[in-house]
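Input: structures, listed below.
Shared chain: subunit A. Partners: subunit B in the first complex, subunit C in the second.
== the complex of A and B ==
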């Protein structure tokens, strides 16, 4: 199972109900949280992707299991996510991290990671970073990556504040990743 | 990009109702500003009694089973949902006068207006749809 913050059961509902329910459920999520929509309407796959695009949320992907569709959408506050300037000074490009020693730390949500990440990357969603950073080796280079460089910027700063010295923010991030993607679905 | 969707509902059958309200609720759920202008038989779609039992097109009665099986919401449910999502219902004054109807005959929350009321809303709407 892919981890999501909120689940919505829309099984058995026909168009346009999955969309209407998704819209209502989304109102209850915090910015950056992931909603899992469970539906049996075959049209919901194309519809939810289009809906997310229209209203500005991030459609992560859909997994199908025994005729049931599991959709994952991450709430994005339009105008908020892209408005923040990156602060962390030590940056590195997508291309430069290929084949380098050290670890790639992917701070996106578990669902985003599951639908495509760089082979060998370690998943540690932003919200879990503080509690889990002790799993990381301080002597290793750490390349922090997310979708667009905003969350990884904050995560890199958080690691630096905790005493990690070999930390880099990877830019522009997974949206511009041209290499192979590994999936856990 | 326009954030408005303008719909004219001018037919009064069950299929017409689904076309109108499915598009309207989907658009409203996508954060569009939606207005439907109900004119002529289209007024049946929001008439308190008529909307409870809208007719299937002749010869298509066998599809009733399909509607039940697909778990499609009924028309009064869709109407309620559309209103809840903020879809604006405009009843055509002229048709109402011709048919001897008043706002009391329709679901709560409708506005009444003439062609210009709709045109004013629709002038910068995209898409504009007619059913």
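== the complex of A and C ==
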């Protein structure tokens, strides 16, 4: 099972209802939260992806099991741009982290991680970072990555504030990752 | 305002009668781009339904009030929603019952002409997919050629006409649509024929369709004669009906010719295609009326909705029949071919009897335009 913040059961509903319900459900989500939409209408996959693109939400992916579709969408506040200025000073490019020692810390949501991450990366969603920080080794280089560099910027700062010294924010992030992706679906 | 419901048959009438219509297609842009309802005088606006969830005010100025408006989607649910919203804004609109799915399935039977001693030849035009099937009727009997999978249309039509289907032919193993031939033959006790060379992998019994085979329909002398004409497939066979009509299958169309690559053997079959089009067909009478198994664009329809043309006219005007240089011809039909039809490999498997998908799966396989031709 892929972890999501909110679930929506749209099984047995025909077009346009899965999208109509999804739109309503998204209103109840916080910015950055992930919605799982469970549907049986085959057309919902293409339509949800296209709808999400239109309104600016992030369509993460769809998993199919026994003719049931599990869609994952992350709420993105259209008011907030992805291009928030990055504050954390120590940055490194996507290309430069290849083959380095240390760990790649992926702070995106579990669903985003499941649909494609860098081989060997450790998943620690932004919201869990504070509680799970102690799992990390202070002596290792930590390359923090997210989708576009915004969440990783905040995470890197949070780690630095907690006393981590070898922390880097990876830019531009997973959206521009050209290497292979590992999936957990 | 009331919302009107149109059937695929209503839309077919608009296409054939060359009437004006404004289509608001609320499917995804990709789906619209790939395949839509074609009409000579149709106008289109494509806005996905999910962009209209908050209302239709923004698109109102783009929707005419002086012509009929039809809202179309994949199945019908979204078109009803959008039609209701437009209706609330005071517009009179209709939606297509069953959506593009029903459009893809609709067949319009049109009489092509009379045959000797009271016989008749009908063309079944599948407007949404560009497939053409045929029924030859004479003396209480009928033959069906290149039937699509909506077999009840053919069996019901035969019943209406009071004739018994005796022979069912496929000109070749189809790759773009699922054949109804075998099912019709099983339901009626008719003989199902397929060219042997296309039937190597068939897993059910059939009768070999051989070059020169002639069957008579009814007591009168309507001959349906087979003419081996390979190139689209290695077995492709044409029919001459009543010495008047040439049913070309997927070898020769009105404005294009067959493609040789759908079984993965373009290089091998291009020579056969050339031989058929530039030699075998040239020996036939130019007054034969060509009846193909497909049309590609709506412009190929005659005023009565049929798709047909004199063979001599095709020799003069069809580009594919006028490529002198063999190397140029070879390159034309093997390089830069259009995309292959949706699920064509699976469709071939179905037509061989190897897989038996349910009705929904069959619909899914046949979604989209046919792409059997080279222009």
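Simple rule for what comes next: the second predicted complex is superposed on the first by the 182 of 185 C-alpha atoms of A that agree within 3 Å, B and C clash if a C-alpha of one lies under 4 Å from a C-alpha of the other, contacts with A are read in each partner's own complex, and residues count from 1 in each chain.
FYI, a residue touches a chain if its C-beta (ideal position, glycine included) is under 8 Å from a C-beta of that chain, and two chains touch if they have at least 3 such contacts.
The structure presented is a predicted model; accordingly, all values stated were derived computationally and were not measured.
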| item | value |
| --- | --- |
| Clash or fit (per the criteria above) of subunit B with subunit C on subunit A | clash |
| Touching partner for A:46 - first (subunit B), second (subunit C), both, neither | second |
| Partner chain in contact with A:185 - subunit B first, subunit C second, else both or neither | neither |
| Contacts of A:20 with subunit B and subunit C, given as first, second, both or neither | both |
| Which of subunit B and subunit C A:12 touches, first, second, both or neither | first |
| Partner chain(s) touched by A:54 [first = subunit B, second = subunit C, both, neither] | both |
| Common interface positions of subunit A, toward subunit B and toward subunit C | 14-17, 19-20, 23, 47, 51, 54 |
| Contact footprint of subunit A on subunit B as seen in their complex | 22, 25-26, 29-31, 70-73, 81, 85 |
| Footprint of subunit B on subunit A - complex, ascending | 12-17, 19-20, 22-23, 47, 51, 54-55 |
| Interfacial residue positions of subunit C with respect to subunit A in the complex | 28-31, 48-51, 53, 73-75, 77-78, 81, 364 |
| Subunit C partner contacts - residues on subunit A that touch it in the complex | 14-17, 19-20, 23, 42-43, 46-47, 50-51, 54 |
